[in-house]
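Below are two complexes that have chain A in common, paired first with chain B and then with chain C.
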Partner chain A sequence: MDFVMSENVSKDLLLKVTDLNIEFLDRSKPSTVVYDFDLELRAGEIVGLVGESGSGKSMSALAIAGLLSRKDMNKRGEILYNGVDMLHCDRNTLRKIQGNEIGMIFQEPLTCLNPVQKIYKQVEEPLRIHQNLTKEERYKKVLEALKGVELADPETVMNQYPHELSGGMRQRVMIATAMINEPRILIADEPTTALDVTIQAQIIKLLKKLNKERGTAILFISHDLGLINNLCERVLVMKGGYIVESGKTEDVFNNPQKEYTQNLIKAIPKINI
Partner chain B sequence: MIKKLFKNKNLNLIIGTVIVAIMVLFMLVGIFAIPYESTDISASLKFAPMSLEHPFGCDNFGRDILSRVMEGTIATFKVALGTVIIGTFFGIIIGGVTGYFGGIIDEVLMRVIDAVFAFPSILLALLFISILGSGTYQVTIALGIAFVPSFSRIVRAEFLKAKNMDYVRMARLMGASNIRIMFVHILPNIYPVLISSIMIGFNNAVLAEASMSYLGIGVQPPEPSLGRMLSEAQTYIFKVPNYALFPGIAVILLILGFSLLGDALGEK
Partner chain C sequence: MKYVLKKLVTMIITVVLVTFFVFLAFNLISGDPATSALGTEATPERLAAYRTQMGLDDPVVVQYLRWGGNFLTGDMGTSYSYRMSVSSMISEKIPVTLIMAVMSFLIMIVVAIPIGIYTAEHKDGVLDRIITVINQVVMAIPPFFSGILITLLFGQIFKLFTPGKYISYQDDFGGFLGYMFFPALAIALPKITMAVKLLRTSVLKEVKNDYVRTAYSKGNSSRQVLYGHVLKNAFLPVITFLGMCLTDMIAGSIIVEQVFSVPGLGRILLTSISNRDYPVVMAIIVIIACLVLLVNMLVDVLYGFIDPRITPDD
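Take a look at the complex of A and B:
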């Protein structure tokens, strides 16, 4: 496969979110958690989404991944992928996109892996659901995917259970699972928060590599501004359900317009020796 | 895995396995090499004492008690097994659907289950038998239906717990269908709970079958069943204690063996 993305393709608009509003109806009084969320995601770019906890960043991500419940919730706006409105389409259409075109990794890699299934079966799952492959082809793909996330000994890992792996390895397995069908969009919801700093750096490197080699667009959610600064081309800052500021990472970091963003940037610890 | 279990010197497991093995052997002998026809009546052997020919003695019709205990154990085991299979099957389906989907299906089905649960299971089985008529299969079906509520509650609770786990969300994200999530992703995770409840359910089913037959609505005479033998032996309990003793021991061993086994497997 040709991984080199031409200038033309990299400008391809993959995902367009307009006026996304999410409102919970199952509380004592309806509460809106996301207001007028707008996002454009192009092939091959990494977009950061920053904000404090409760700012609605994870909710927006879940909405884009199509994971919000269909009941007890009022959703307005549009999430356009390939001409399909993922917010309002029926389940079967959504299922075809999920795991195939859009992958997602979460913060806590242990709870995201099924404790009673071996790693092989879990990585294989999206292949089983979305593609008609023989057993041997699937095995080859899984092996390739596990090698692709730089696991040292993929044959052994395959036959292990999640509790036998370290945190970093689990996150790699998660990435392999999310990436096995070569989705065009990867949503990373604080993928490094539960990991220590060295592993964090490795995972970030890996995500960068995947982004470069395959042109996968990544929506990177974090509250770690330092990380966003070194990884993302564009950044959105959220607070209280609103996007307060968005733009090129350098512009936002060098010349923040809103007071909230300025305070956030001030809060990055600086080491002066 | 089994080797590992034994290595841990789990006493419950060892004793349970031994007892269950003995009972299974006992039933196999009953199927393939039963010493006497269990319904053969002989006037001369009435209340014959324990001897080499009749190790457990003979009953009030001169029938060999050993042979009858063997066949009775098989009959009881069959009914209990059938009951558990029916109960587990429908329990998993109802519990899974209600727990996983929630909402209005959950409300309706669980209220029906509550209503069924409100009756004691024996009473409920009696009700079904009055509709279906008495006999081995009818008892199995009746007890099976009576056991559905408890299984579905257990399964529902486990599904409720599991459906909000991250790995289920992950499976949904991969595009797995609801059925696939329920049976491929969640069901294997509730297996320890399910095994213990199946074992406990089996014990209850043995007891329930025995009490149904004791009341005269289970296995029909002259076919032997442990409960029926106990009820017949009641009249002669002081004159011929071995008549009541051996079926009683068979019931106890059957229950003890499976509950120890269930405990041990559930612990793991």
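Take a look at the complex of A and C:
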């Protein structure tokens, strides 16, 4: 019995980050931004990564997405996905995972889209890179993806440029792009920070839906513990490059061990009418 | 389409304004045409009759319209010094100057764009550093001096062309192009250095943008990111500069024409200015101004095609 269970667990394990350390070398004194970061992400779960600006949460997320390629930094540890150490493998191996198995969305949906390219081309791009499809098949998939993120008029949107869309629509386009190859993991780096509160709620609802319908695991990065509480089953709290607390969101919320976490919880605005 | 039309209308209005002011300026500085035509001994009655006959008593605007109408039909007046029609004097020079400008423009594009992209792609590499140093040096050399150096190097040492032996395009078009390559190169050199520097800076600035990170997150290779995303954005500021270069090459090749004894518009402009041959000077200025405006409009239109944020719907 025990054996079967442990096999199940390891089967479900998508991503395992061990002892991730990131150090910048571009100043006279090297500065470490992430220390001993550990993370396990299982199929279909939503894990939150919370902390103030500069706590190292975005750096960790970029490392997991394979987007830290600067030469002036030192990376140690291991990011294991499907038997591949994404931290140290070559670019070509990494590229097969990026946009295909792991999708990523970012904070600023306007600047994250290419300003001189139509939406269709940008959403279609991961398909062209990772799959061998005919033009018609690609068109169908793009249309589906745009419908999947609940864009009202996908046929119009695909022929528009990013500056013609609203912030919420742009983030939906970003999500459609990241999800078009049905990745197993979606990394969402503060995807709602630049949006209005109402739009924010819609995007969170959409992420929940995608997670439920397609079983995509989501690593959700935010400084907003309220959002994390609403969305994530598990949470990691980061401060100054360290994970200071982690566990089930419920437990962390109801019984925070560290003073920092307690302060973060206190910082959630409560509306009393 | 609406955008193109709008730019076209703007250009026509500018052409009218520019030519009007040129006309006005030459009317003011050239003194009394009646006196200069009939001499200082002419009687007031004869002067008055000449003025009426030539329409010199009409309001300036009417005179301008008459002159403009004539100009459009190819009648650009008569040269004071040569007593021949201005149009016959300059019609053969226009292709010379234009071809030289277009050639130097093509040389600039063919050389500057690959080097600019290469140096940006291999920032701080050995070749990038070498090119940057060469760039700084060449940038400091004015075209007339690089013209002299080119004459010395390619004309005297390598004997690729005979300095000063201009080949007319009517006689031997191939030989003409071969000869014109060298003045065109002299004009292009300093522009190449600036274009390389601008393109390199522009690419390096673009790669810092968020959309580049997005492109990588989709699984693009560095080359795909550069050619598929970065370049189109990086070209936007460069296009403005290239347009300015082309106008500069059309309008500002006077000195290089002198160095290489090329009988283009610049050369005849210089002689006409020293001869106070106002009709010729005026015609050349108007033609150059119109060409410059035309190039500017084309750049604007091109810009509108490349950058979707520019095309105004209102």
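Simple rule for what comes next: the second predicted complex is superposed on the first by the 261 of 273 C-alpha atoms of A that agree within 3 Å, B and C clash if a C-alpha of one lies under 4 Å from a C-alpha of the other, contacts with A are read in each partner's own complex, and residues count from 1 in each chain.
We adopt the following convention: a contact is a pair of C-beta atoms (placed from the backbone, for glycine too) under 8 Å apart; a residue touches a chain by one contact, two chains touch by 3 or more.
Since the structure is predicted, the reported quantities are computational estimates derived from the model, not experimental observations.
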| item | value |
| --- | --- |
| Room on chain A for both chain B and chain C (clash or fit) | clash |
| Which superposed partner A:P154 touches (first chain B, second chain C, both, neither) | neither |
| Partner chain(s) touched by A:K71 [first = chain B, second = chain C, both, neither] | first |
| Partner chain in contact with A:P256 - chain B first, chain C second, else both or neither | neither |
| Touching partner for A:H163 - first (chain B), second (chain C), both, neither | second |
| Steric overlap of chain C with chain B in the superposed model, located at which of 2-10, 20-28, 38-46 or 272-280 | 2-10 |
| Those residues of chain A which chain B touches in one complex and chain C touches in the other | 65, 67, 95-100, 103-104, 106, 108, 111-117, 125-126, 129-130, 174, 177 |
| Chain A-facing residues of chain C, complex | 209-211, 213-222, 224, 228-229, 232-233, 236, 306-309 |
| Contact footprint of chain C on chain A as seen in their complex | 65, 67, 69, 91-92, 95-100, 103-104, 106, 108, 111-118, 125-126, 129-130, 161, 163, 174, 177-178 |
| Partner chain B, residues of chain A touching it in the complex | 65-67, 71, 95-100, 103-104, 106, 108, 111-117, 125-126, 129-130, 174, 177 |
| Residues of chain B defined as touching chain A within the complex | 103, 165-167, 169-177, 180, 185, 188-189, 191 |
